[in-house]
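Going in written order, the chains are labelled A, B and C, and every chain counts its residues from 1.
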Amino acid sequence: MMGEEFVPLSLTPLLIGICAAVACALPGNFLLLRRQALIGDAISHVVLPGIVVAFLFTGLIAAWPMMLGAAAAALVAVVLIELIRRLGRIEPGAAMGVVFTTMFAGGVLLLEQTDTSSVHLDVEHALYGNLESLIWLDAVGWQSLLDVDALRHLPPELPRMAFTLVGVLLFIGVFWRPLMISTFDESFARTLGVRTTMLGLALVVVSAIAAVAAFDAVGSIIVIAMFICPPAAARMMTNRLEGQVLWSVAFAIVSAIFGYVLAGYGPLWVGAADAVSAAGMIATVSGVLLAIAAVFGPCRHRAGSPAGV
Amino acid sequence: MLLDALLLQLGYNASLVAIGATLLGASAGITGTFLFLRKRALVSDAISHATLPGVGVAFLIMVAFGGDGRNLIGLLIGSAVSAGIGLWCLNWLTRNTRLAEDAAIGAVLSVFFGFGVVILTVIQSLGVGRQAGLEGFLLGSTAGMLWNDALIIAAGGAATLLVILLMRRPMTLVAFDPEYASARGISVSQIDMLMMALVMAVTVVGLKVVGLILIVALLIIPPVTARFWTERSDLVVVFAGIAGALAAFIGAALSASAPNLPTGPIIVLVSFALFALSLLFAPNRGVLAAVMRHVRFQRQVHLRQGLLALAQGQVIYEPLTLRLLRRHGLLRADGVATETGVARAAKALRDEHRWALVRADQSLEATAALYDGLREIETVLTDDQIRDLDRRIGTPREVLA
Amino acid sequence: MTVVLARENGISPEQEADAARIANAPLTIRGLTVSYGDKPAVFSVDMTVEAGKMTAIVGPNGAGKSTMLKAALGIVPALSGRVNVFGAALETQRGRIAYVPQRASVDWDFPTRVIDVVMMGLYRELGLLKRITGAHRAAARTCLERVGMADFATRQIGQLSGGQQQRVFLARALAQGADLYVLDEPFAGVDAATEKAIISVLKQLREEGKTVVVVHHDLATVADYFDNVFLINTRKIAEGPVQTAFTAETLQAAYGGRLATAQVDQLGAAAALHTSQVGAT
C-alpha cells in the first residue's frame, strides 16, 4: 500500500480505532473480573439520551457538549442502577435492564420529537459511529507526519481519543494495586483502608469516559464489544492479571486493525463495490478471536471455585 | 384522539396493533418473570440483539431467490434462527469456559449485533430497493404497517400467551423450586428450554413493534414492577402480565394518537412509569415505606440499647441514643435517668433476663429463635408463661449502679 | 436505685474504668448493633479483647459472629456502636490489624499466583507506586514458609486445595506484620494438617505478644486452642477466660435447644478438665 493513499485515508481511522479499542479493553478487564461486564453495555445505551439532551440544551452538534452530555448520562445511569438495586432490592442485572432501556427509549423519543433533520444526529450514527469518515485530507504521505501544517488538520477525534487512552492508562497504572486487591477480595481491601466503594465508582467513571470518547469516534457497538471480548478472550490465555491485561490489549489492537482492513478492503476482494461498517466488522473480529480463545485457549477452563461456594 | 386510540377507534390496523401489543406485553411480562426469578433477566438482552444478523441474512436470501425481501414471516424466521444460535453460544460459553454469564451475555450481544450491522451495510451497498424497512427492526415502527403484518403480530402474541397459559403449572414449579419440580417428574432442562423458546418467541414477535434494542424492556420491567407488590411468586406472574399488557396497550394507543411518537420507546416509558410508581409507593417493598420503617427501626434499636445501658449503669457513647432518651423523657439533660426512665430501663433489663431463660429452656426453642433484641416478650409468651419465668428469676431486684 | 452517669466532675468511676480498658485493649466494641434489613443480626454487643491472648468467638450458625467482626472492622456498616483499636479510632490503626476473611468469600478463579496474594499483605507498605524489591519478595516468601506453602509460591491460586487456600490467606495476614490478627472461620472445611499448621502459627504469634481473635465453630477444640472465649447469639452471652466463660451453663444459653444436653455436659466437662489441667501445671 502506498503512503500517499494510506496516510490520508486509513492511518487516522486505524489509529483512532486502536486507541478506542485499547481504552475500553483496559478497564474492561477489571469489570469482567468484578462481574460488572455489562456496565459497558448499559453505558453505551445511555450515551444516546445524553447527546440528545446536550444538543437540546446547546443547539450545537459539537464534540465537547455532546461528550459532556453523554458522560453525565452515564453517571446518571450508574447512580440510578445502584439506587434501584439498593432501594428496591433488585438484582443488578434486572436493575441495569430497567435503567438503560428506559433511558434509551427516552433518547429515541426526544430525538423523534425534536427537529434534528438539519443536523447529523441519528440513532444509526450513535450505534455504528463513522470511523471510515475520520480521514486526514491534508496528508499527502508519510512525510506529512512531520508537517506541522498538515498535523494541525488532523481529525480532532484522534488527539481526543489518544488523550483519553493516556488518562485510562494512568488510572490503571497508578491504582493497579488497590484495583487488583479490591477486585479479588473486597473485605480484605477495606481492612487495608482502601476506599473500595470510591474506587469501584472511579473505575466505572473511567470506563464511562472511555466509552463516551470512543463512542464519539466509532459508535457504541465497538464500545460494548471492546469492553468484553478482548478481556474475555485474554482470560482464556493466562492465569495472571498482568498477562491478562497485556493479552487483552493485543486482542483489542488486532481486532481494530483486522476489522478495519476487512471492512474497507474485504468487499473489494470478493468483488463487491462498497465497504461495510468498520465498527461492526471490528466487533465481529473480536468475537472471532474470543471464539478461537474459547476453543483453544490454554486457560479456558475454571481453575478455582467461585465466591460463595 | 387519545381516547379514540384507547377505545380502538383509530382504524383496523392501529386497533389490531394495539391488541397485538397488549397480548405481546402480557406474554413478555409473564415470560420475563420466569427469567427474572431465575436471575437471568439480561439473557433476553443477548437474545434480542442476536436477532439482527438473522434479519439481514433472511433479507439477503429472500432477495437472492428473487423475492421481496421484506416478507415479515421470512424475516422473523431468520431472526429466530440467529437468536437461537446466539443463545447456544451463550450457553456454550458459560458451560465450557471460565466466563461468567454476564460476560457471555455481553460477548454474544455485541458480536452478533456488530455482525448484524455489517450485514445491514452490505444490504445498503447492494442497492436493493426498499431495504429501509430493516432499520425499523432496531427501534420498532408500526407506522404504515400492512394489515398482514399486524395480523401476524396479533396472532403471534396470542399464540405465545396461549402456550404460557397451557404450560403455566410446570413452568411455575420449575421457576420457584426446581428440585421439587424434578422430584415430581418434571424435566427441568426441558422447561428451561421452553422458557428460552418463549423468550425468543416474544422477542421475535415484538421486533416489529418495539424493536430489538427495547424488547428486553418488556421482558424485564414488568416483572420487576410486579415484585414490589407481592411476596407471593404466583401473584408476581399475574401482576407482571397485567403490568406488561397495560403498558403495551397504553403505549400503542398513545403512539397511534399523535405523530412522532414511536411505539417502542413509548411503551417502554409507560412501563417505566408504572415501575417508578411501584418503586416509590408500593407498600412494604416500596422506598417510602422502607425508609420510614428503617428510621423507626433505628430509633427502636437506639432506645432499647439506651434503656439497657441505663439499667446496667453502662456508659452511653452514642449521641443519637442520648438524644432519643432525652426526647422520650427518659433521661434528664444532665444525664440522670428520670423516674419513667428508671422504670422502663428496669423493665427492659427484666425482659432480657426473661429472654435469657427462654433461650436456655429447650421447650421454648421456637420462641427463642424469635429473639432479635427488640421484640417485646409479651408478644410471644402468654401471661402465665411470663409469670412462670419471673418465678424462676426470683423476686424483682434492684439493679445496682 | 441510682443510675447516675454524671458526677460533679462529669466522669463516673464506671466511665473511668471503661476508658482505661478501651485505651489499653487491642480491640474494644461498645453497643454494636448490626442489622440486615429490619432484623438485628448483632444487638448491642460489648466486647473487650485482651492483649496477647487468643480469643475465640463462638456461637451457633447465624448468631452474628462474623457480622460482628466485619462491622467492627468497617467492612459492613453498623447501625450503632463504637469501636476502638489500641485505644484509637479504627481508621488510624489500619496498619496494626490483619484480617483473614472466610475462604469462600472470594473467587478462587481470579488470575493470580500464590506469591501475588501474599504480596497483597504488603500493600500498606508499598502504597500505590513504590517499587517491589527483593526484600519484599523475600518477606513474602518467609511468610509462605511459616505456613508451609513455600513450594507453591508460583501456583495459580485456583489449583490449591481448601486447606492450602486458607494457609495462603494466613500468610498474607502474616505479611502485614500486624499486632492484632482477626480470622473469620479459618478452620472451616480444612484438612487436619492445615488446622494443625494454622494453630501452631497462631500460637507463635501469641508468643510474640500479638493478639489473635478467631471466629470459631468447633466447640470441641475451643478449650484446647484458646485462652479466652466470647459467646454470642445476637447478644453477648459470656466473655472471659475459657475456664469461667465456656461452661455448660453459658453454652446452653448460647445454643439453647440446638445443642443436645449430653453434648453440653460433655463440653462443659472437657472445659472443666482442661481448667484443672491448666491449674495443675
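Simple rule for what comes next: a residue touches a chain if its C-beta (ideal position, glycine included) is under 8 Å from a C-beta of that chain, and two chains touch if they have at least 3 such contacts.
Source: prediction; values computed, not measured.
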So which chain is the furthest away from chain A, centre to centre on CA atoms?
-> C
By number of C-beta pairs in contact, which chain pair leads?
-> A-B
Where the centres are mean C-alpha positions, what is the separation of chain A from chain B, in Å?
-> 29
For the pair chain B and chain C, the C-alpha centroid-to-centroid distance in angstrom is 39
Interchain centroid distance [CA atoms averaged], chain A/chain C, Å | 44
Scan chain C for residues touching two or more other chains and write them down.
-> 109
Mark out which residues of chain A touch at least two other chains, giving numbers and ranges.
-> 235, 302-303, 306
Could you say which residues in chain B touch two or more other chains, in rising order?
-> 98
The chain C residues in contact with chain A across the complex are 70, 73-75, 91, 94, 97-99, 101, 104-113, 116-117, 120, 123-124, 126-129, 156-160, 165, 172, 182
Name, in rising order, each residue of chain B that touches chain C in their complex.
-> 98, 293-294, 297-298, 301-302, 304-305, 308-311, 313-318, 320-321, 334-337, 341-342, 345-346, 352, 356, 359-362, 365, 368, 371-374, 398-399, 401
Complex contact set, residues of chain A against chain B = 32, 35-38, 40-41, 45, 84, 87-91, 93-98, 101-102, 104-106, 108-109, 112-113, 123-124, 127-128, 221-222, 224-225, 227-229, 232, 235-236, 263, 267, 272-277, 279-284, 286-287, 290, 294, 297, 299-303, 306
Using the touch rule from the top, collect the residues of chain C that touch chain B in their complex.
-> 1-6, 12, 14-15, 18, 30-31, 33, 35, 38-40, 43-44, 46, 79-82, 109, 233-235, 249, 252-254, 256-258, 261
Complex interface listing, chain A residues touching chain C | 33, 174-178, 180-181, 183-185, 187-188, 190-194, 235, 238-241, 243-244, 302-309
